[in-house]
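Same chain, two partners: chain A is paired with chain B first, then with chain C.
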Partner chain A sequence: MATLDALMQLPGAMAAFEFRGSGELLEHRIAYPDRLNDSILDLLAHMCAANMSIATMQARGWERMTSMKGFYPVKAFTLVGFDWSVVVSGLHREQYKQDGKFSLPPFMGVVMSNETANYEAAFAALENQEPTP
Partner chain B sequence: MSMIKRLLALDGVNVVCHFRDDGKLVEGYGLMSQQEMLNLARFAHDYRRMAQGNADQLAMFTGMRGWTPPHGWILRGVAQSVCSVGNLVCLVDSIDAPLNDILLELREVSRW
Partner chain C sequence: MSIMNDLLARPGVVAAGEYAYRGDRFSYRGDLTEEYARMASIMCRATTMGMNMEGGMLEALQPRSGLHPPRGWIVHGPDHTVCVVANVFCMIDNAKGSINDVIRFMRVTVPHASIDLI
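Presenting the complex of A and B:
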């Protein structure tokens, strides 16, 4: 689970987590159990799964309606909340799909404090690391 | 000069639009037709409402403070990304665009 541990090294990281396409929480790490717990992460994961699905519909629709390309597949979704942000990525799933694999790796995400959040670093960490086998 | 035009000076920003609370386009600049800017404004408005609703529900179900009201959202496509803060939305290149700077600038300009 090196990837989750690497995500926890990001500035302001409060939690790192994996979840299924249907939203169920899988492995996770929590830095501040007094603020976040697995029950909150589970709901957050479901919200992120829903947003990734809707964003994918919108990206496909936008590309069909316009002549613009490059929105689909959606690599990541970020919600910048009032104090916290969540960044989730399904990039590795797309790579598996393109390779014709049926068993897809989970989505991965990180919760960060806005005060010190580095979104570029979060995307880099989520997109560049090898998926968990 | 419109204040939101300065967002176009950031690397990787291709389009910036300002929309009203009902989703109507106020002004838009960049590499996109007027009709596409109207559609982008409407999309960003709808997505903002959805993200706000999701954050509200997350806060209600979990009791966790700090999610709402949300500042913005980013949808990162394979080559193009959409970033929105307040009533502003930008289309940016997914590769090499300085997203941290773009978000900071969006937050700054959205307060005007």
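Presenting the complex of A and C:
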């Protein structure tokens, strides 16, 4: 499972954070406190929780209504902003659910600068896998 | 049409589409039916609109944060990924395509929409 410090090693990482499914911000790391603070990370975490839920609902509905598979469960959601991007994942929660565990780990996310962002590396870090070459 | 053809020519892109912000038109290329493309356009448009509203809230809380105005979003599934920039979307086969490559291409190629359109 990814750690906040590991996520901060991603290219262009500006912040890394954990949040509950309800959106509440838990632990976080911030590389540039003059540009990001816990208040904006808290709002961002709530947005990411909402968008993960919407994306999951859409992926579920899409697979049920079409013959296309491979969209569900959503592994990560990314907001591509004008200069920064935010990647969040709750993949480990799915694994916990499949294992029948009731206490789920938090979602995790990373804020990156678009100039150097490596989305596939972020997905791999959040999923704790080596990126494909 | 050109952007959709350009996207489809990239490795792993299985379908691409474009929708009007006002929701009355869409077009598509690739491995989708007309009805699936219509559904995908509606879902992508709804999420893009929500994302712009959320970006506005972030901007109000902290101006010039780097997240506003949003350019797009990505939903990464186990086998397929949906990438959206402005009013253009595409679906990628994860095993065959590069999400970094597609997003870089879309960020450069798809014009940034005026906030008045959204």
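The rule is simple: the second predicted complex is superposed on the first by the 126 of 133 C-alpha atoms of A that agree within 3 Å, B and C clash if a C-alpha of one lies under 4 Å from a C-alpha of the other, contacts with A are read in each partner's own complex, and residues count from 1 in each chain.
Convention: a residue touches a chain if its C-beta (ideal position, glycine included) is under 8 Å from a C-beta of that chain, and two chains touch if they have at least 3 such contacts.
In this text, all values refer to a predicted model and were calculated from it rather than measured experimentally.
Asks: Following superposition onto chain A, is the placement of chain B relative to chain C best described as a clash or a fit?
Replies: clash
Asks: Quick check on the superposed pair: does A:59 touch chain B, chain C, both, or neither? Answer first, second, both or neither.
Replies: It touches chain B and chain C both.
Asks: Based on the A-chain superposition described above, do chain B and chain C contact any of the same residues on chain A, and if so which?
Replies: Correct list for chain A: 35-36, 39-40, 43-44, 47, 51, 54-55, 58-59, 62, 65-66, 68-84, 114, 118-120, 123.
Asks: Along chain A, where are the residues that touch chain C in the complex?
Replies: 35-37, 39-40, 43-44, 47, 51, 54-55, 58-59, 62, 65-66, 68-84, 86, 113-114, 118-120, 123
Asks: Which residues of chain C touch chain A in their complex?
Replies: Where chain C meets chain A, its residues are 36, 39-40, 43, 47, 50-51, 54-55, 57-58, 61-62, 65-80, 82, 85, 94, 98-100, 103, 107.
Asks: Within their complex, state which residues of chain A touch chain B.
Replies: The touching residues are 35-36, 39-40, 43-44, 47, 50-51, 54-55, 58-59, 62, 65-66, 68-84, 89, 94, 114, 118-120, 123.
Asks: In the complex, go through chain B and note every residue touching chain A.
Replies: Interface residues on the chain B side: 36, 39, 43, 47, 50-51, 54-55, 57-58, 61-62, 64-80, 82, 85, 94, 98-100, 103.
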